[in-house]
Every structure is written in structure tokens, then in C-alpha cells.
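Before I ask anything, here is the structure I am working with.
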Amino acid sequence: MSPFPGVPTEQPPDSDPGAPQPPASAWVAGTETAVDRLRPKPAATGDNFLTKALQNRYLGWAALGIAIIAPFVDGSSFAIGVMTNALIFVMLAVGLNIVVGYCGLLDLGFAAFYAIGAYVSGSVAKLLEWPILATIPLVLAAAIVAGVVIGGPTLRLRSDYLAIVTLGFGEIIRITANNITVTSPTQMPIISGPSGIYGIPSLSFGGLDLGPVSNPLGSYFATLLIVAIGVLIASRLGRGKLGRAWRFIREDEDAAEAMGIHTYTVKLAAYIAGAMFGGVAGILWAAKQTAVSPTDFQFLYSALILMAVVLGGMGSIPGVILGAIVISALPDLLTGAGAWRYVIFGVLLIVVMIFRPQGLWPHRAVERVRRRLRSRSGPYDAEPPGSARPPVVAP
Amino acid sequence: MTAPVEALLVVEDLRLAFGGVKAVDGLGFRVMDGDILSVIGPNGAGKTSAFNCISGFYKPTGGRITFLGQNVTGMRPSAMAARGISRTFQNLRLFGDLTVLDNVRAGMHLVIDQRFFDAILRTPRYRRGEDEATEKAHYWLDFVGVTANRGAQARNLPYGEQRRVEIARALARGPRLLLLDEPAAGLNHTEKNQLLGLLRCIGDLGIAVVLIEHDMGLVMEVSHRVVVLNFGREIAAGSPAEVRRDPAVVEAYLGAEEAS
Amino acid sequence: MTQLIWNGIFIGAFYALVALGYSMVYGIIKLLNFAHGDIYMLGAFGGFAMLTAFGGSVAGGSIVALLIVLVLSMLGTGMFGVVLERVAYRPVRTAPRLNALITAVGASFTIEYGTSLVAGPNPEVYPVQLSGSALHVLDAHINIQQIVLVGIAVALMIAMNLWVLRTRSGRAMRAISQDPKACLYMGVNVDGVISWAFFIGSALAGAAGVMAGAYFGTVNFLMGFIIGLKAFTAAVIGGIGNIPGAVLGGILLGLLESFGTAWLGGQWRDVFTFVVLILLLTVRPTGLLGERVTERV
Amino acid sequence: ASSSGSGGAGSSSSSGSSSGGGSGGASGGTITLGMVVPLTGSSAAIGPYMQNGAQLAVNEINAAGGVLGKQLKLDVQDGACDAKSAATAANKLVSDKVTVSVGGYCSGATLPTLPIFNGAGIPMIIPAANSDDLVNQKLPLVFLINGTGTQQAQAALKFMTKEGAKKVALMDDNTSYSTNITKNVAGLMAKAPDGPQQAIHESVTAGESDYSANVNAVMKANPDFVYWTGYYQEGGLIIKQLRQAGYTGKIMVADGSVDQKLIQIAGQNNAQGVFATMTQTPQTIPNGQAWIDKYKKAFHADPGPYSTQAYDAVRVAAEAMKNANSTDGKAIADALMKIDGFQLFSGPLKFTPEHTLSSGGFLILVVKGDAFDVQDQLQG
Amino acid sequence: MSTANALVISDLNVRYGHVQALSGLSLSVGEGEIVAVLGNNGAGKTTTLATVSGVVRAVGGRVTAFGKDITNGKPWDIVGAGIVHVPEGRRIFSRLSVHENLQMGGYLVGDRAAIARRTRRVYELFPRLGERRKQEGGTLSGGEQQMLAVGRALIAEPRLMMLDEPSMGLAPLVVKDIMGVIKAINETGTSVLLVEQNARAALAIADRAYVIETGTVALSGRAADLATDSRVVDAYLGA
């Protein structure tokens, strides 16, 4: 017996696992909800060559390969500087993507976490003469605290109100940094108000100097390694149970809540995860620049990071990486254009948004349906997999 | 006044007011294990509002909701879901941009055993959890008879299929109690018949179903019991046949034609 | 004290004027128009260009000249807003909301640096400046022109509020903000109404720009940035999309800044304002006058 | 640590460097001087002034036969007064193999460029940034030819004392340039209890139009002397708003505000009698007008803030290279330390061990009519 | 029945991207007629109405209303020509009050007095709306919203009224009421094009009916005939 009389419970045999299943009844023809027709549609996802190529799972490795070869193609300090900047920006964008792309929370003050990372690592490394990478645990802790402090009371707000709160938070952090002066017991300036922190140690690892000037390649590859790990973590986070929960919240918070997702906690988790990425990016920035100041963390930077996420394709890791590289490197490469540089940049943003609304490299919306893992029979002949009865969480 | 042990859900003197509007006004009913209970009543009688209270979306202004012997009044929706209450929505609330499979996996959020680091490290537990989730998702989609491509975005499915996906999503959680708000709205005759079969199957799984519906054919066929609301209060209750003959129900809701 | 309050109200009136247009545009198409502050800047530059072109000849009858320039600038920025909407925002209207936000940031860059290319990066000095005698009211210095400017801002606010709440097109605007497609079924020329909203919002920003130029006496190509953020803040404080809220938010922001400076010093002013703002929003999540959204499930 | 271009096979050469690969950028008959200045962003107005000043010096030196038989060439990159752009620009100059850096404007953006130039063995002669933070790190190749914040503060206090100021309001715009001066003045005043005393220290946010709240706070403190250390745009507005609020005491501004625009923005009436702490300018030295004319002829524009310092930076660089008879960074740095008495706008050059000017050469200007005039040379 | 046609659709083609929603669909509504349209989900009923309204573009075919070609006209011009559409899913303005929602229905009606008169009539027709005139549309129950959607269309006093599944989510009594209202409107001279899943109710009041399948007309005829046609009974009415 079939639950829907008239519709066979047995699916057509899965001889061709990947193929879309043939329509079994006339109404498969319809493709749209009858209720909500105003929502924007992604362009028809034709399975053209480019789409397929872009979805290749080895692409990530290819990209890493390019990143490894790049400094040997152009190893000038300018090129390495631009590339290192881009890497750090990738870290930032990947972090913000967790908040905005995965979870759908508008954050206009992401630079705050960047600042916290840079300031905590910079001041501690300078004051205690630690290698800067040793400050990672401290920075992560600070980022978590900051994420909870700002996210805690405000994550209940709806989007635009959240936007202004995060913007305000970013400004609070920047202005506070601008107003504090800290001197070491030996009268060495640690944090110097508007001049920020200077003389921060560059990257080093166990006596190996990875400074951007003394060892540009080493510095670049160390940054690349850390960013690559960050990207891997971010992309994996986006796939599991938590990552899915984020997307559910982005799509429909009420429905997610009805699925038993404690939306508030899960949103906070996104916020904290994003903050940690921002913090680590701050460390890399402090180590690369060796001098950071509050102006590095202006609202404009928060906006630029957000642009990277949207331009690349929200929720799509390859897209966000591409977006970050474009947003970070484009102004650097356009330096020759003088004041035209921002005009060009602005027009480009508009043009991309108009002609490629889902971003340069959007998240793949469809999922390949793999071969069934176990042979399957009709619901009435078999128990639901894994349990005798539909599982019920004990009250 | 103590509830008999078998009662899954006990609603007592439930009240909900919006400003002056008393949406629910002293409603009481109970749902037994394995029950299929229909809630009918004129538009604006407070049916959806009562659902929203039971599933935690509205905080009742008065009264008491007991589920599995526990007082759950005023808990947030995720807590209700964690206790075994699933629901669908009067207006479809699928995650339109996500795939059909993901939609059903959403229902399994509470069931999948996975920690933060499992996903990052790709532990065996992660793989096992993911595989199982996929498998169960397919199972439930088969169960409700979704024939469309399950890797496609949910919004691209035909309306009727979307309805089924929503039910599959609610079932995937493995609920003790399933709340369905007008599942037949917008379905044609054939589809309604299919839905009827599905509801019976769900009942056979031992899941209690509470159904809001305006389609009397469906209600009369499938329900074990019917509760009729008007102005946020119960005006009649009983077997479908009893309710259909009840003059108050005929007058307020059915009209002479349907009753016959 | 009186002086603090008056200072706050005065600068708040500017914020309010810019926030008004911001809120209006937001109200109708939910766009955080980051280029709005730049339209204020364009208004100021437009006024500057016209006054410079008229030359010294207007110096005498400056008030009349200023009024003419004000109206012309409002027309100009209004048209500019319409064109901007048509070219940059309309194509992304059905795309996800963040797209429009990025488009707006792009427009902002383009306008700022386009202006800098045309007019140069140097600040310019207004050829005609408002100058009037100061009054002493309850211990506070108040200029006549300050009173006039506040008066204009309040009058514009009242007119706009009446217009949005009472008139057919105002109602259409609110309706469009909720469901543009349904508006088509009602026979509303949706594009037309949105263009109108942009015209009015941009004209108001332009007016504020000219008034700022004439009162403060200087304009530069980045002057819109900060006030754009302030207007956004003001609009949110008041409840974004809400017209009286924008005015209230603007004035409140002005007062917060005034008192924040007095109590904590200028360098902590913005921290003070934003902390108050965050506290306010945790208590009233939709701003002062923004209605609570009771969403049905 | 002077391993410039260690991985530098095939550097992306641009405007500056020519193709030949000689050491120190002195190849092909040109020596390239690098300059990171803001051409975009909030300080976009300043960049061209500095670029032109430097270019003027380059033109003159080249006309006189160049340096070490080679022509000078200027490689200007936009630092946008922003740390990321400035670092990128500095890296670009390193890749372009410049010999000396003669740029640097915003302290915050200049700080991250120091290790880049210093590490690449390129001496920096910073013309315009003046924060003490720049030389705090004691980098061997970093030199400052603008008076430091400390020196300007000393000059300011000296003049305030002379004027008999009692209660001084210090106002800055919360940038490192500006707070560096106010903090130094405050520190000096605290050390001299019988001199002028700080009545209030007020910081404003740059880029706004209305400073009445700050002005109001200042008025509350009832000062008889106001010292503004930010830039001219805000300075003009603050002067105007101070006067509107009924302030009748004295006002002084720091060098960043010395521009005609200050007077225009404040209004000529309001600006009358406003003092300024300033290094020597063409206006204040003999035959200065000739320099201004040269500048105008070359660029069809008036010189602006830091045109002279940039001009001097190029000349100092040339002088050091000549003395060292080398384009090696270390040698140039040594030569710089040995310079004594080379005439700059700010006076004869002599570096302190901290790599700053031994005398800031500050004097006091005053607004008379529509221009700044010398009030006090502060000698003795 | 008058011979003039309120609406003539001939050979209409509509596509959404790759999806051909309508292929060569033709139908007509005579003046003063009630015409019902039945069809499965996704058959193209909504698309047909939306194309007439000018909200969706036709790639081929013609739409003529009251003798005027309105193919791909501007939506506001079409409403101006007296063709009003009660859309699928109600599309109530959720933050406007019930009263304001009704006013929106009269957007193109210049005459304030007429709007006031018609609003009063809607309140008489649906007393529930009268009770709730200050309530925000979005907080109405599903059925109340449906009443509001129909009421809103009535304010325009259309010459041709198109309704897309007006009975969806309504209590049986109210379905009867709404059908009665449609009939009543029709009797004042308004032509009606009625899309319904509730085929029984629709056929009961319609003069003629069409059955649409995959974007084209599969069956058509007098409503009474179709109500007994075995194909229709099997697929849409049930035994």
C-alpha cells in the first residue's frame, strides 16, 4: 500500500544515480511555489561547460597550486605585498561569509574583530616580546568575548537594525583604540592613540624569521598556510549540521525554529565563528604591517569586506575568495589611475551587481543526488533506517 | 482535573489576545497517542493561533499546555520541537533556496549526532551522521511520495510537491505530534486523495496528527475526532458524524449544504 | 545647558533633513542608500557652482539668490536621484537586498571621486554665506539663520509626513514597500512612484547640502560620507522607514552628540552615541517610532 | 638587512625604473626618488602640493646637471593616507628600485612603510609627517625633516607665554599628527606650573561641518587662548564657530592649518589676528617670492601645505648622495648625519641623533588681511 | 448573453526562462459572463491571468479587452481599462490597515465619494472586515485576508474581474458566500474570469468553463455540461 494512492512508492529504479528523476505525474511540470512568486529567481542553471568546470571538486587544490606558484612568477616585493594583502582579505571575507553568507546576518562592523585581533596580538607581542603567532589563543579568546558581548544582546534584532548596531560596534572599537595610550613599565610606547601600535614583530616560527621584508617568500607562504587552513575550516563548517542550521536561519528563521533549531544560539555561534576569523586575520595584518593604527579599521573596511562577500557570491567559498582577491587587489593594481581608481572601482561594483546579481561565483544551489547508500524498499516493508520507530528525542 | 496518562497533549483554558482581539478564548482539548484530530471552524476562529501557541510561536496570555505530562506553556518553538512537536505552516515555509534534501535534513537537526569539531575534522561520526541524514531524508521523501529531483531547489518544485516536502520535513524530526495547518489548500481533487492516504499512513506510524482543514471531505474521511472552534472557543467536539450533525456547527461553519 | 540643547537641535535638524530622504527611500524599496550622503554633497557643490557662476553680483541680494539656488539645487539633485535609481538601483531591485547595498556603495564611490575629478580634491569656500546677528535666548547663542534652517527642516518634515500618511501616492509608497507586485494589480505605476520617492528624498538631501554650504561656508567631495552615516543612524534611531521617526532620530542624535561632547569630551562622543543607540535598540528593537513587526507564521 | 629585492627576478617595472639592472636604482643615467603621498582619500588635496614641490626641486637639480652625473626622476605612488595603500605603494617603490624615499604624509599611513623602506635599504627623508612616533623606533635609515611635534609644541608654548596666556584650550582632530602636538603642549605646560595652563583638551572629528558642541565645551572652560593643531578645513570652521559663539580671546593654529583657505573658510573678519606655529615658508624668507613664482610658473597653481618640505626633501636627498658619492642607502644615511648647515626653508640643516631636525625652525605667523604674515621669529 | 466580448485571448505564448508556461492558449469571456478556468497545479492558470494584467510578458499571441488590444500593456493601464485581478495568494498589504487596503483598491478611482460608497458596501458584504477595519492586513486570519482581497477588487468596480482561487482557505460557508458575491457582482454587469481548484463551486456559478492542461486549453464548454463530463468529474470533481 502506498501513502499516496496513485503514486507508486517505489521510485523508478536508480539505474542512473545522478540523473534527475523522470516526472511521475503531470504536475511535475510546475516549478514554482504558488505562494511566493516575487522572490528573485536565480538564473536558470544550465549545465554548461563553465558551470561544470567551476563545480569541480579539485578546483580548490588548483587554486592553492596557483597561490603557491604565483610568487615565483612575480616575486617583487610589490607583487608579494599585494598578494599577502589579498590573502589576509580572503581570511576576513571567509569569516564574514559565515555571518552574512551562511547565516544571513548583516554585519557592517566586521572590521572591529579585525581590529581586536591586530591590537591584542600587536600589543601583547610587543609588550611581552612573544612571537606573534603565540598570541593566537589570546586573540581567539578576545574575539569570542567580543562576539558574545556585542552579539549577545543584539542578535534578536532584525536585519537593518542589526546593521546599525554592528556598524556602531565597529566605530566604538575604532574610536576607543584611537583614544587609548598604553606604555610599558619600561616607558616603551605600546599603544599610542592615533598612531596605534608600531614595531610589532613580524611572523616567525621557532627561530625562523618570516618577516615580509627580510623573508618575503617565507612571510607569504606562512600567511598562505594559515589562510588555507582557515578557508578549509570555514568551508567544512558550512557543510555539517551547524552550517546547514545557519542556512536554514538565513532562509526562514521561523521555520528553522520550528525544526528545533535554537536560532539565537546558532546565530551567536555564527557571530563568534566569524569573529575568530576576523581576529586571526588581524594577527596576520599586524604581523605583515608591523604597524597598525585605528584608521586601518574604519567603516570603509567593513564595507569592503562585505563587498567581497557579496561580489563573490554569498555563501560560496570559492566565490568569496574570488571576491576578496578582486576587492583587495583591484585598488592596488589600479594605483596608476589616480582619482579615477575609485570611479572605476565604483562603476565596476555596480556593473557586476547588475549583470551578475548572484555574485561572480555563486553558491551551487543544487545537490548531486548520489547513489543510495543501502538498498531501499517501500516505507511499509522496511523500518525507517536506523531506528525501530521514528526517533523521538526523550522529553 | 489530572490528565489521563495516555493523553499526549492537553490544552486547558488556552487564551491569546492581540490588543482587543481575543484570538483564542478559553480553548481546551486533548490529543491521545495515535489520534487524528481535526480542528475546524470559521475563518478567524483562532485555529492557527492555537497552533502557534502549541508550537511555541505565540506566548499564550493564559491557560496551560501539557505535553507528555510536562507543562510546556510559553516555551520557545525550538524547545517544543525538541519535545516532539512538529508542524507545517498555513502558507508554505520551505527553505526555498535550499535543496529538497536539505529541507528534509532540516527536520533532522535534533536527531543528527554531530559536534562542532566533527564537521571541521571530518570525523567518522560526521560521515556517518551525514550519510544517515541523507538516507533518512530519502526515506521520508519516498514516504510522502516526492518524485521530483531531490537535489533541486525546493522553490522550483510544483506546489503540491512542496506541500509534501514540508510534511516530510516535519516527519523527519520523528515527532510524537504533528500539527498540519491546512495541508490541502491549493491541492486539486486527485492530490487531496493522495494526501488522505498519506495522513492515514502517518497515523499508522503511531504519530498523533492534529489537522486544521476547511475541506470537509478530507476531514470527514480521515479524522478520528473533530473539534470545532468559533471565536476562539470550542463549540462542538466529537466524531466526524456527530459534529456534522451538530446544529451549532452547521449554522456557524458548514452551512446546510455541506451538512447533508 | 540651553546652549547644549540648542546646538543639538540645530545639528539634529540637518541630520533629520538628510535622514528624511534616507528613510523615505528605505521605506519604499528597503534600500540602505549609501549614496544618499553624496547627493547631499552634490547639492552643496551644485549650489557652489551656481553661486560662483553668478559671481559677486549676488553678494548683495544674497538671501534671494540663495533661495533660488536652493530650489535649483533641489531640482538638480532630485533629478540626479531619479537617474541614479533608474541606472543603478532599478536593475537590481529584484535581486537579493545586499546587492542593492553594494550597488549603493559603488554609486557612492563613483559620485565622490567623480566630483573630485571635476571639482578637485580641495575644499571650496562658499561665495555667499549666511550671516546674521546672534540672539541671546535663555543663556544661549542662537542665530537667526539657525532658526530659519530649523524652521525649514521642521516644515519639510511635517509636509512629508502628511503627504505619506494622507495622500494617495503616500499610501501607494507604503504599499509598494510591502508588496510591489500587488501594487501592480491595484493599478499603481510602481516605477513612477519609486522615482518620485527618489526625487523627493534626493531633493531634500540637496536642500540640506545647500543650506550646509551656505551656513558653514565650505564644501568638499567627501562631506557627504559622515553625514550619510549619521542620517542612517538617525533613521534607525527613529525607526527606519518612519518619517516622523527620522526627524525625531535626527534631533535625538544631535542632542546625544551635544551632550556626549559636553560630558565626555569630543573624542568619546561617537562612542557615547553608539552605546546609547545600542542600548536603545536592545530595549526597543525597532527604534523609537518603528512599529513592532508582528509577523504571522 | 638590506636585501632589497631578494626574490626580485623580473620585477614589475613601471613608470619609475628603467630596464637596466644596476644596483641602487642608479642605472641608465637616472636616479629614482620615491614618494608615497595621498592622491585620493580624505587628504587627497595634499598629495599634489607635495608632488609639485618635489618635482620643482627635481627639475632644478636636473637643470643644474643632476646628481652624480645622473638625472633625477620622481616616482609618485598614492598612499591615500591609508595603511594598506601606503604599504602597497611603498612596496611598489621598492620594486621600482628607488634610491631614496622623499614622501610620507599621514603618520598612521607612514608608520607601516618605515620597515619596508628601512628593510630594503632605502633611506627615508620624511617631509611632512611629524609625529614623534616615526622616529621612536630608531630605524637607521629614517629621517624627519619636518619639525617634530615636540618642537612645534615648544614653539607654541613659548609664544603663549610671551602673549601672557593663562588658560589654554587645546583642540585637535584626534589624528596622530594633531594629538602629537597637543599632548606635547599639555606635557610641557604641566611641567611649568607658573606658565600658561591647560583649561581643556578637546578633540573633534575631522570631516564634519558643525563643531558647535566642541566649541561650546571650550567656551565652558573659559580660556583666553585656543590652540588648534588639526588641518585648515576644520580649523577654519572652528575659528568661525568660536567667534560666532562669542569667543574673544586669542587663537593659534598649527602648521597643518596654514593655508589661505583657512582664512576664507573662517571668514576674513573672524580670522584676523589668528596666530600660527609654522616652519619658514617662502613668504617668510628673503627671496621667497621668487620661489613662489617659479612654482606657479611650473604648475599653474599656488604652492600649498608641505610643498616646501617636499622640495627640501629632494634637495637634501641630492645633497646627501652627492656628499656620499654613492647611491647606497647606508652611505646616504651616513652622509645625511654629516650634513651641517645645508640651507632649508626651515633654516640650516643638522640632524639630531634621533634623526630629527636639531632646530625645528618654528616661527609664529599671524593673519593679516587675507594672508599670513610673520609675527615673531621666536629667536632667543 | 451579449455577443460582445469582454476579453479575448488568442494563441498566447508565455515562457519563464526555459519553462514554456503557456503555449497557444486561447479563451474568451463574453460581456456579462462568468467563465471558470480549471486545471491542475502548474497548468498555467495563474500565468494566464498575470499575462492579461500585464505583469507577465507574452512572447506571442494577443489579448484584447473590450475591443482594445492590451497585449503586454502596462499593468496600470490595464487596471485603468477596468480589468481587475484578485491575485493568487491574496497579496494583502500586511502593514496597511484593512481600511487602507481597501483604499488601495481604489487607487485609480478619482472620485472619493465613490470610493467611500463602495467601501461601505464591502463592509456590508463582509461584516468581519468592518469589525476589523483598523487591524493590519497581515494579522488577519487566512480567510479574512481572502475576503479583503476580493473586497479590495470591488472598490475599483471593474468591468472585468479576474479571480485566482478565491476560495482557497475559506470555510465552507464563506466559500458559498464568496461565490454568491461573485454571482451578485456579475449580475450588476461585471464580467468574471474565475480560476478555481474548487471546481464544484466554480462550475455551479459559471456560464462557461475551460480546462487548461500544460499551458493550453484541453476542454471547454458550458459549465453545466462540463460538470457532468466524465473526464472532468474524474480529475476535478471526484465521485
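By written order: A, B, C, D and E. Residues from 1 in each chain.
In this text, contacts are C-beta pairs under 8 Å (C-beta built on N, C-alpha and C of every residue); 3 or more make two chains touch, one makes a residue touch a chain.
Note that the structure is predicted; figures quoted are calculated from it, not measured.
Asker: Under the touch criterion given at the top, what is the topological distance in steps from subunit B to subunit D?
Answerer: Steps on the shortest route: 2.
Asker: Please identify which chain has its centre, taken as the mean of its CA atoms, farthest from the centre of subunit C.
Answerer: Between subunit C and every other chain, the largest centroid distance is to B.
Asker: Going by C-alpha centres, which chain is most central here?
Answerer: A
Asker: Return the chain pair with more inter-chain C-beta contacts, choosing between C-E and C-D.
Answerer: C-D
Asker: Calculate how many whole Å lie between the centre of subunit A and the centre of subunit D, each centre taken as the average of the chain's C-alpha atoms.
Answerer: 41
Asker: Compute the distance, rounded to whole Å, between the mean C-alpha positions of subunit A and subunit B.
Answerer: Taking the average C-alpha coordinate of subunit A and of subunit B, the gap between them is 36 Å.
Asker: Using CA atom averages as chain centres, what separation in Å is found between subunit A and subunit C?
Answerer: Taking the average C-alpha coordinate of subunit A and of subunit C, the gap between them is 33 Å.
Asker: Which subunit B residues sit where two or more other chains touch them?
Answerer: 18, 48, 57, 89, 91, 93, 158-160, 186, 190-191, 193
Asker: Touching at least two other chains at once: which residues of subunit E meet that condition?
Answerer: Residues 40-42, 89, 139 of subunit E each touch two or more of the other chains.
Asker: Where in subunit C do residues touch two or more of the other chains?
Answerer: Counting only residues that touch two or more other chains, subunit C contributes 113, 116, 121, 179, 181, 267, 270, 293-297.
Asker: Can you name the residues of subunit A that touch subunit D in the complex?
Answerer: My answer: residues 71, 74-82, 85, 178-179, 189, 192-196, 198-199, 211-214, 216-217, 288-296, 331-332, 335-336, 338-339, 341-342.
Asker: For the complex, give me every residue of subunit D touching subunit C.
Answerer: 40, 42, 44-45, 48, 174, 201-205, 207-210, 212-214, 216-217, 220, 233, 236-237, 240, 244-246, 261, 264-265, 267
Asker: Where on subunit C does subunit E make contact in their complex?
Answerer: Residues in contact with subunit E: 168, 171-172, 174-175, 177-179, 181-189, 291, 293-296.
Asker: Which residues of subunit A touch subunit B once you look at their complex with the stated criterion?
Answerer: Within the complex, subunit A contacts subunit B at residues 1-7, 9, 11, 20-21, 23-25, 27-36, 39, 42, 233, 236-237, 239-245, 247-248, 251-252, 254-263, 365-370, 372-374, 376, 378-380, 384-387, 389-393, 395.
Asker: How about subunit A: which of its residues touch subunit C in the complex?
Answerer: Residue positions touching the partner: 37-38, 40, 100, 106, 153-154, 156-161, 163-165, 167-169, 171-172, 175-176, 178-179, 254, 258, 299, 303, 306-307, 310-311, 314, 339-343, 345-350, 353-354, 357-358.
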